[in-house]
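We call the chains A, B and C, going by the order they appear; numbering starts again at 1 in every chain.
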Amino acid sequence: MTKTLITVEELDFTYPDGTPALLDVNLSIGEKEFVALIGQNGSGKTTLSKCLNGLFKPTRGNVIIEGINTRQKGVIKQLVTKVGYVFQNPDHQLFNRNVWSEIAYGPRNIGLSEAEVKERVEEAAQVAGVHEDTFDTHPYFLDKGLRQRVAIASILAMRPNTIIVDEPTTGQDMRQSIEVMNFLRRLWKEEGHTIIIITHEMRIVADYAERTIVLGQGRVLLDASTREVFSQPEILQETYVEPPQITRLSQALTSFGLPRDVLTVEEMKEAFTQAT
Amino acid sequence: MSYAVTITDLEWKYEHRKNFALKKVNLQIEENTFLGIVGANEHGKTSLVSAISGLIPHSYNGIYRGKVEVFGQVVQEMDALELATQVGLVFADPESQFTAMTVEEELVFGLENMGFELHEIRERLEWAAEITMIQDLLDKSPYDISGGQKQRVAIACVLAMNPPIIIMDEPTSMIDPLGKRLIFDILRKLKEAGDHTLIVIEHNVEQLAPLADQMLLVYEGNVDKIAPPREFFTDADYLNARGVVTPESTEFVQWLKAEAHVPPETPLPITLEEGIEITQQALKSRRQM
Amino acid sequence: MTTSTSSQAVQQGVRVAKARKTLLGHVPISSPFYKFHPVTRLIMFVFFGVIPLFIFVPEVNFALLLINLMLMRWGRVNLRGLRIYMPIIFTVAIFMFTVVILAPGNDPSYTPLQAGPITIYYQPVFFTFAAYWRLIAMLFGTILYFSTNRERDMLVALRTLRLPFIASYVIGLSIRSAGMFMEDFRTIREAEQARGLDTKAMRFSDQVKLYMMYLIPLFSIALRRADEISNALFARGYTLTGRVGRGGKRQDYIRSLYKIRSRDIIAIAAMALIFAATGYVQMRYGTFAIEHSPLNIWLRGQLGIPF
């Protein structure tokens, strides 16, 4: 087992208006994982993800991020260097007058020297593919894909071990989705970050996530490897999630020796060739 | 045969943009058919449907050439009210299409604009709410409901006005699995009833293809390909190069055909069920060999 | 999937609402306020908002404030939620008293009082004190209304009072935009927190600067949204001229759902009566003038300041 980064113990979360959002959630997130968080709206995905970086404090139970309990006071500045959170709509998180100060905002907040800030900005911009030419541009005038990358760069600049991305591919077409997902995969594979995505796109989950957590009505229904999760369509059915079409094709033909856990068309071709 | 929409040599350039969003588009859509539209973002899908709904040129500035007609009337010469009685429009972002304080007000707003009497408003409201399964939401604020619910409300608003043409611009792209499924259920009901011309932009081809009579690929501001779904998805690589995915079972059967695991005359599947059947045949015939 | 299973799925997706989201919070549907027509509630708002203008006796305005609080309790408003107004209540007090102490104006009839190194004049300070409680009474009248009413109630009330449809729609849209503005504001604050901003540890001047920063994303979002809303209006067949289809007259469906009952008439009559009576005694006899404040009389007695 790899090193644990985040531990969630008996977590309950209730909104101020009394709506219960999470009930008895227990899980841990390790180093260098790629996790997908799936489930219906209202299942608690976003609430859980906001508990995972300390934005929301537990109503009951604990969330411990690299040894720090999020219930403690005055730990915000420490927590943001451990878990980064990319919001769904980049417009909500771009509040500086140009791209450079946008990326520098986090490092400045945590009290780094200007030299360190500069180093962090350049590094993060480079990793996120934000070109120096745009440093003076107002974020409003960038296209949506680039705004999203600036948002991610501004998180990377704090060098968190874990990065949570809320619906990275919503409203994007195939090519844009592949672009952002490949970028997240690179952060995971090459830079060693733990990536947690919240998504409704099962193809994205099948193609990228190693582990999938299924939430339903505020509880964890399944928490296993993506392959294992998609091979249990009965439980998924409860949350109205359907595995990718190719997985269902293979599952319909298990009597011919096809496996239950095919994830992509390529895997299906291979499985077909080997089936007897 | 009568056409719901006729587009002749349509060209459109948004103000302050360099390139034309639509370049010499010609298209005819038969009445009461289902047209599925796919294509990469920024290639003109939304511009095309905006031109049919009249948002272009009525709500945007730019250069407009050519002609768009709905049931023989020229879109450019119709006002918002005339257009809304002919063409209903559902947008991608469930957040952005509401103007009222409760779902009920949202639904009746269009009906009041159309000048209906109170009892007619009530009947249409109830009818549209039932089809879209939003009866329990009428008293709520459009803020307080989920994205999928919002999108069903948006569809209900359009249905209540009962225009012969209904356009949906990526209605499921921002909502969760149950929400998506319910919207496709509504589309299926509408298609079965056969009383509307449906034009739907959607990235989710696996759900779209089985419903569509015709599939249309918009690429670089043009109608790149238009065909019934079974023909449309014959070349996954071609579509892929234009940023469009093919349903996974269709793509897989293409491979089966290419590798001669099934007879070359096998039609391409557009549903999972058809895909399963063809694959099963292939597995059986291989066993017998 | 058949319709019946879809409906079941829908049922599961819907949480049964016990409370209504009002402009400033949540109020249970069972709140007695909802037994009254929206127009009655709007008149109550005007009543509590205007009546303090007749009254310059701080004790009476304080009593009005207590009545407002009692009505909120009766209407099942969560009183603990009122804590968020404490900063504004204090800020207004500090502002008003600072101004009157530093710049009391110049009038020979003022009585100077020495409080350590500074000179305070009694008359303007007590005047400010009275004005302050009048303002707070009006504020609580407003909070009462907005805590127990939804946008929809307000619009129905305005239209019942014959406000043109388009005007009520514009009001509705502005409230809605304000709502979205607040929602965006909340998300932006969360996004800032997620980037290590700890507002509790900030100096006041930095907090002001921070509010300036919010303007950028708020306006970016508002600009993008303005287009969307105008498209939505277009798609619903709303013409700029307000032309209604079939050559008809615009019907008001939502308003037709509400009926004025006898309890509304009684409540409105009672408020009108109290209002008229208060106005009359104030105009005629000056009953609620500052000179009649028991506190004023007592303080002057203690300090030896004649009227």
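Criterion: contacts are C-beta pairs under 8 Å (C-beta built on N, C-alpha and C of every residue); 3 or more make two chains touch, one makes a residue touch a chain.
All values reported here derive from a predicted model rather than from experimental measurement.
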### Task
Please flag the chain sitting at the greatest distance from subunit B, going by CA centroids.
C
### Contact-richer chain pair (by C-beta pairs counted) among A-C and B-C
B-C
#### Entry: Centre-to-centre distance between subunit B and subunit A (centres being mean Cα positions), rounded to whole Å
30
### Task
Please work out the Cα centroid separation of subunit A and subunit C, and write it as a whole number of Å.
40
### Message
Need the CA-centroid distance for the pair subunit B / subunit C, whole Å please.
### Response
44
### Query
Could you say which residues in subunit A touch two or more other chains, in rising order?
40, 42, 240
#### Entry: Residues within subunit B bordering two or more other chains
93, 146, 148, 178, 181
### Task
Would you give the residues of subunit C that are in contact with at least 2 other chains, written as numbers and ranges?
9, 13
### Message
Looking at the complex, which residues from subunit B come into contact with subunit A?
### Response
39-41, 92-93, 146-148, 170, 173-181, 203, 206, 243-245, 247-249, 251-252, 255-256, 261, 272, 275-276, 279-280, 282-283, 287
## Note on the structure
The answer for subunit B against subunit C in the complex is residues 53-55, 58-59, 79-81, 83-85, 88-89, 91, 93, 96-102, 104-105, 108-118, 121-122, 125, 133, 136-137, 140-141, 143-144, 146, 148-149, 157-158, 161, 178, 181-182, 185, 189
### Summary
Touching subunit B in the complex, subunit A uses residues 39-42, 170-176, 200, 202-203, 239-242, 244-246, 248-249, 252-253, 256, 258, 265, 268-269, 272, 275-276
### Contact set on subunit A toward subunit C in their complex
17, 19, 40, 42, 50, 53, 55, 74, 76-77, 80-81, 84-85, 87, 89, 91-97, 105-106, 109-110, 139-140, 154-155, 158, 240
### Query
Which of the residues in subunit C come into contact with subunit A in the complex?
9, 13, 15, 19, 26, 184, 187-188, 190-198, 201, 213-214, 216-217, 220-221, 224
